[in-house]
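Order of writing sets the chain letters: A, B, C and D. Residues in each chain are counted from 1.
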Amino acid sequence: MRFIARHGGEEIPIEVERHGSAYRVRMADRWLVADVVNAGPYLRSLRLEDGTQLTLVHDRDGTMHQISLADSIIHVDITDPLSLKRKGREDELGAGGVIRALMPGRIVRVMIKKGDSVRKGASLLVLEAMKMENEIQALADGVVDQVFVEAGQTVESGTELVHLAPLDR
Amino acid sequence: MKVLIANRGEIAVRVIRACRELGYSTVAVYSDADRAALHVLYADQAMPVGPPPSRESYLRIDRILDAAKKTGADAIHPGYGFLAENVAFARACRDAGIIFIGPSPESIEAMGSKTESRQRMKAAGVPVVPGLTEPVRSFDEIAAFARQSGFPIMVKASAGGGGKGLRYVEREEDLRNAFERVTSEAQSFFGDGAVYAEKFIASPRHIEVQVLGDHHGTIIDVGERECTLQRRHQKVVEECPSTVVDEALRRKLGEAAVRAAKAVDYYSAGTIEMLMGPDRQVYFLEMNTRLQVEHPVTEMVWGVDLVKEQLRIARGEKISLTREKMTPSGHAIECRIYAEDPARHFAPSPGLIRYINLPQGPGVRNDNGVYAGYNVPVFYDPMLSKLICHAATRAETIARMKRALIEYRVEGIETTIPFFTALMDHADFLKANFDTGFIDRNLADLMQERGGNGHVDAAIAAAAILAFEESQQIRLPQQDNSAWKQIGRLDALKDRS
Amino acid sequence: MKVLIANRGEIAVRVIRACRELGYSTVAVYSDADRAALHVLYADQAMPVGPPPSRESYLRIDRILDAAKKTGADAIHPGYGFLAENVAFARACRDAGIIFIGPSPESIEAMGSKTESRQRMKAAGVPVVPGLTEPVRSFDEIAAFARQSGFPIMVKASAGGGGKGLRYVEREEDLRNAFERVTSEAQSFFGDGAVYAEKFIASPRHIEVQVLGDHHGTIIDVGERECTLQRRHQKVVEECPSTVVDEALRRKLGEAAVRAAKAVDYYSAGTIEMLMGPDRQVYFLEMNTRLQVEHPVTEMVWGVDLVKEQLRIARGEKISLTREKMTPSGHAIECRIYAEDPARHFAPSPGLIRYINLPQGPGVRNDNGVYAGYNVPVFYDPMLSKLICHAATRAETIARMKRALIEYRVEGIETTIPFFTALMDHADFLKANFDTGFIDRNLADLMQERGGNGHVDAAIAAAAILAFEESQQIRLPQQDNSAWKQIGRLDALKDRS
Amino acid sequence: MRFIARHGGEEIPIEVERHGSAYRVRMADRWLVADVVNAGPYLRSLRLEDGTQLTLVHDRDGTMHQISLADSIIHVDITDPLSLKRKGREDELGAGGVIRALMPGRIVRVMIKKGDSVRKGASLLVLEAMKMENEIQALADGVVDQVFVEAGQTVESGTELVHLAPLDR
């Protein structure tokens, strides 16, 4: 079966086929033989032909897979090119700079207003949660398109805070 | 004896464990957000004390005393934070005839004001960091001190502690902003806007000495802890012993700490915090009149149980330890595991812990406050657990900590585990070559992508295989050879016979 | 260095942890039943060695050496059981140029035969239990010894060990049956039907001394362990130190143990097992030429890491410990947590572990071999983990163990946890007043229904409430505030930008 | 809602009703007010009005509930008298002395044959599993009705081994 993997800005064509009780995986021009077994919820053990064993925590949200190794976390998007799922996701994400609250809390300060140009890393607002003031920063250069919240407001996790339009639009 | 624990999270669990080992029954208190928190699950009784915000629950003296009365608790352990250093609470316990497991209200009060404690220490011959010994409320007074002593200085909340309500000021133009923010934080965190200022000790190490005092006038020190590694003035890694303290200095610091504690007629467990400059000059910083977060590193190296000592002291027993007979053994390091995402500037990461694999095995102690299936609430300190390792040498302890961190897997929320993994590999950490600014200076370095150790391909392959399995509905059946169902049937059978 | 661990379960995990802390990479071997076992998950490499039955996998010397060659392992740690005391295996490692992390084949061989070891010990001036010093194969020879010495006697497999292949015989009419069963077990467990007989020491305590030897002729003892508490000749609880051993006796036993080890030019970790009669007379029983299951109690009290010492010794390093400078500190107790149902005569209880709540906190060490979601296979020893507690005194250690056992919850299979909970409350256990027959004699007492401590009504109410909730479809929604989904999206976004 | 609880040979009529965020439970003539919350899979916390907190592991197989407290395990059968479920269960279990293998293993010895009278606790057969020989004993006095296995045979978990008829039949 063929997939497209997206990781670190790269698109990698992947083919997975069964190989005895294991799998043969072609990634671009590399081949891997690996077996994967469940070790309780979320935990998986992957073993390569030379015996290399990796214990990984696997979680998935739609086509996005999170693979946590002992000392690193890898996010990879795996899509079946035959399905239309990916298209839907891209539309959802394509808009870019929607900045959301990653946790519930209270907006302490809003440092920007509509029309401001901001640099990557600039502080946009301060959200107080878990006894800490958290500065929410711009992930990229952009122009403030909309500010959805004001100081003093309580927000839920996932609330849209600010919309940044890319500078190059 | 029945002990109510006026706290939550890992420290409430820690105190419950000690009580259970001493045969005391325990009462947990909980806010509406904490009905299923671990400290409730481990207690014999549990009483609600209000809505989630601390101010309406864990800081409500009236409700906590009410819970103590309703359950017939004889004593209250305040843990750290919340009401642990609240004079009014300690007094209210005394007035209600309930043992407060901590020092006297008078000791708390004397040490609670950073400025008063500085005066007391000076009088007792304990060196303090040069600076104001009176709290001030106006910017002009702070500015006057700054002009006189020169920059950089520290502006601090007089009622502060625990790394909150303080600012480093390097240049005059930043002073007003710092003064305003510290004043505001002092008011909001400690309910008292008074501040003071000290000379800034450059590149210091943060060393603290554990003391124990009883009601019979005995005060001993239990060695020092190295708490230099901080991020934004919050300790993140603590060690025992300190690599810069030899036996002679240990004696000297211990004696100064005992002198400091005696100056306020101290009993129970307490900590004298000190700063050591690069010239090895040591200054009194503040006294924490409570159990510290990092008390386990002392316990593991010195073979004492500080919480049990607190409980025994509170019952009026004499300290059974003799300082001369105690020797530190091996080395211990503590990592504070937080629900924070190091890759996103340590942003809080509350939410459902879907899965945990806990580190186990030799020399590993995990003082936990959470479990798999627990939803980390947004309202409180995001500490999940304290991971403490102990081994014969510092190098072995670091290697053990690395091993434990590899075993420690949490899914559902982000944690500071990857940060500690990187720290344990840092050359300067291995050499114990650091000061209090080390982590903030080296953060980019420490948070560098580790690149999956060349295992990125394998990880991508794993994701593809798992996607393939799902698309093919290839699922390992949940095997279940469990015998209890049949046992249940047999018991039911027996019941009827 | 790369180390292959020729074992499974908790001991394989224990060795992997030590290797990782020393920076060695690890190779696990696994049978088809163990692909997802914990020792595989914690290893850097894993190689299959055959079908589930041990005889076709973990006991297959050829396959294990093949796995070592394929992965380029420099050394093999055999753990305990399986091939740990197999002379042929130790020789095969030597022949293959692979370091065997254990003693020489010659030491194993000398001590492997219970009869030869008895001869050697006699020669070295170490007192042995009166009995045969030559193995026999006929009933008549056993009967002759029995007649001469009088009953009761013990009939034992000459190649035996680990509490397998032995019978207590009280009356002449039981002798033939005992002889036949021991012969048959000796043949089936050890591949050698030879047996011998000893005088039975009534009401003995089982005391053993840990020794460490290096390749440079140094042999030291690391104190004794109290292993008296056994069920059907299998140890179930071990302690360090023994309450019946004072410092003078400790020295005496240690010297005898070193003498015994020297008699066979011993190196690596080993254990001299002894019986102590009610008259405090001590007899050599056997030497275990490997790491013991119960090694952690010694580690916690003496502050050594026996597995790391084994690894260092195997590399040719000198023992860095000096016996004169070592002192035991506090008390440690180990409970062997098995997948057995104490309420059903300790019947094995394999199956899926659906849930575990692990004990944590101060003084608790869990050497685990399983995890939640693991299916305990039927093919091997049913040990799930070793729970070890350490505290300042024996009483405190018992209180800590009780606390840890309350925290330790396993769902899906039955375990021996309830048995240990009862044992920790037994008056004679608290007084350390026991002999090797204690558990078998007191089993009914120990397994008495505890009646839910008056909480039966509450438990029934809980069941009714949960049935009600289900009937009403009242379900707590699985809350999920987890942030990673959004982080995933953001990363995906970044990847494309 | 009304239930019948069976425990320790007793039948207890039970009534459960909501009581704010908790429940009021009548057991025969006793009343309890309790709330129960989930604390991860299987773990539940029950709290009574006086604050008494019990952490219990709950599992269920049909109407049979297993409640594990810190130092004891309680099995209780909870049925809704309106449903017919219980009837079915009784029929299934009523036959009594079906002795099954509780784990996979190998039959080493069979010590009884059809027609033997056995006393409670008598050894019926020996099953080898997990390196141990396990004697399977009669749970009550009875007469051996059928023996389904023989020595040397390998059995799966749940295999019927022996059927005992009650002596009083």
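In this text, a residue touches a chain if its C-beta (ideal position, glycine included) is under 8 Å from a C-beta of that chain, and two chains touch if they have at least 3 such contacts.
Note that the structure is a prediction, hence the values are computed from the model and not measured.
Trainee: If you tally the C-beta contacts for A-B and for A-C, which one comes out higher?
Mentor: Comparing A-B with A-C, the pair joined by more C-beta contacts is A-B.
Trainee: Between chain A and chain B, what distance separates the C-alpha centroids? Give it in angstrom.
Mentor: Those two chain centres are 32 Å apart.
Trainee: How many angstrom lie between the CA centroids of chain A and chain C, rounded to a whole number?
Mentor: Between these chains, centre-to-centre, one finds 46 Å.
Trainee: Give, as an integer number of Å, the spacing between the C-alpha centres of chain D and chain A.
Mentor: 47
Trainee: Rounded to the nearest whole Å, what is the centre-to-centre distance of chain B and chain C, using the mean of the C-alpha atoms as each centre?
Mentor: Centre-to-centre distance between chain B and chain C: 36 Å.
Trainee: What parts of chain A, by residue number, touch at least two of the other chains?
Mentor: In chain A, residues 7-8, 37-38, 40-41, 43, 52, 59, 102-104, 157 touch at least two other chains, as defined above.
Trainee: Residues of chain C touching 2+ other chains?
Mentor: Each of 42, 344, 349-351, 354, 357, 371-372, 378, 406, 481, 483-484, 487 in chain C touches at least two other chains.
Trainee: Based on which chains are in contact, what kind of graph results: line, ring, star, complete or other?
Mentor: other
Trainee: Which chains are in touch, pair by pair?
Mentor: Listed in label order, the chain pairs in contact are A-B, A-C, B-C, B-D, C-D.
Trainee: Considering only the defined contacts, which chain C positions touch chain A in the complex?
Mentor: Residues of chain C touching chain A: 27-28, 35-36, 40-47, 67, 70-71, 371-374, 481, 483-497.
Trainee: Once bound in the complex, which stretches of chain D touch chain C?
Mentor: That would be residues 1, 3, 5, 7-8, 12, 14, 16, 23, 25, 27, 30, 32, 34, 36-38, 40-44, 46, 48, 52, 54, 56-60, 63, 65, 67-74, 76, 78, 80, 102-105, 129-132, 134-135, 137, 157 of chain D.
Trainee: Show me the residue ranges of chain A that touch chain C in the complex, using the header's touch definition.
Mentor: Interface residues on the chain A side: 6-10, 35, 37-41, 43, 45, 47, 50-53, 55, 59, 61, 64, 66, 75, 77, 93, 96, 100, 102-104, 139-140, 157-158.
Trainee: Quick one: in the complex, what on chain B touches chain C?
Mentor: Those in contact with chain C are residues 13-14, 17-18, 20-23, 42, 296, 299, 303-305, 329-330, 341, 343-344, 347, 349-352, 354, 357-358, 360-368, 371-372, 375, 378, 385, 391-392, 396, 399-400, 402-403, 406-407, 412-414, 478-484, 487.
Trainee: Which chain C residues qualify as touching chain D in the complex?
Mentor: 339, 344-345, 347-351, 354-355, 357, 378-382, 406, 409, 411, 418, 421, 449-453, 455-469, 471-472, 476
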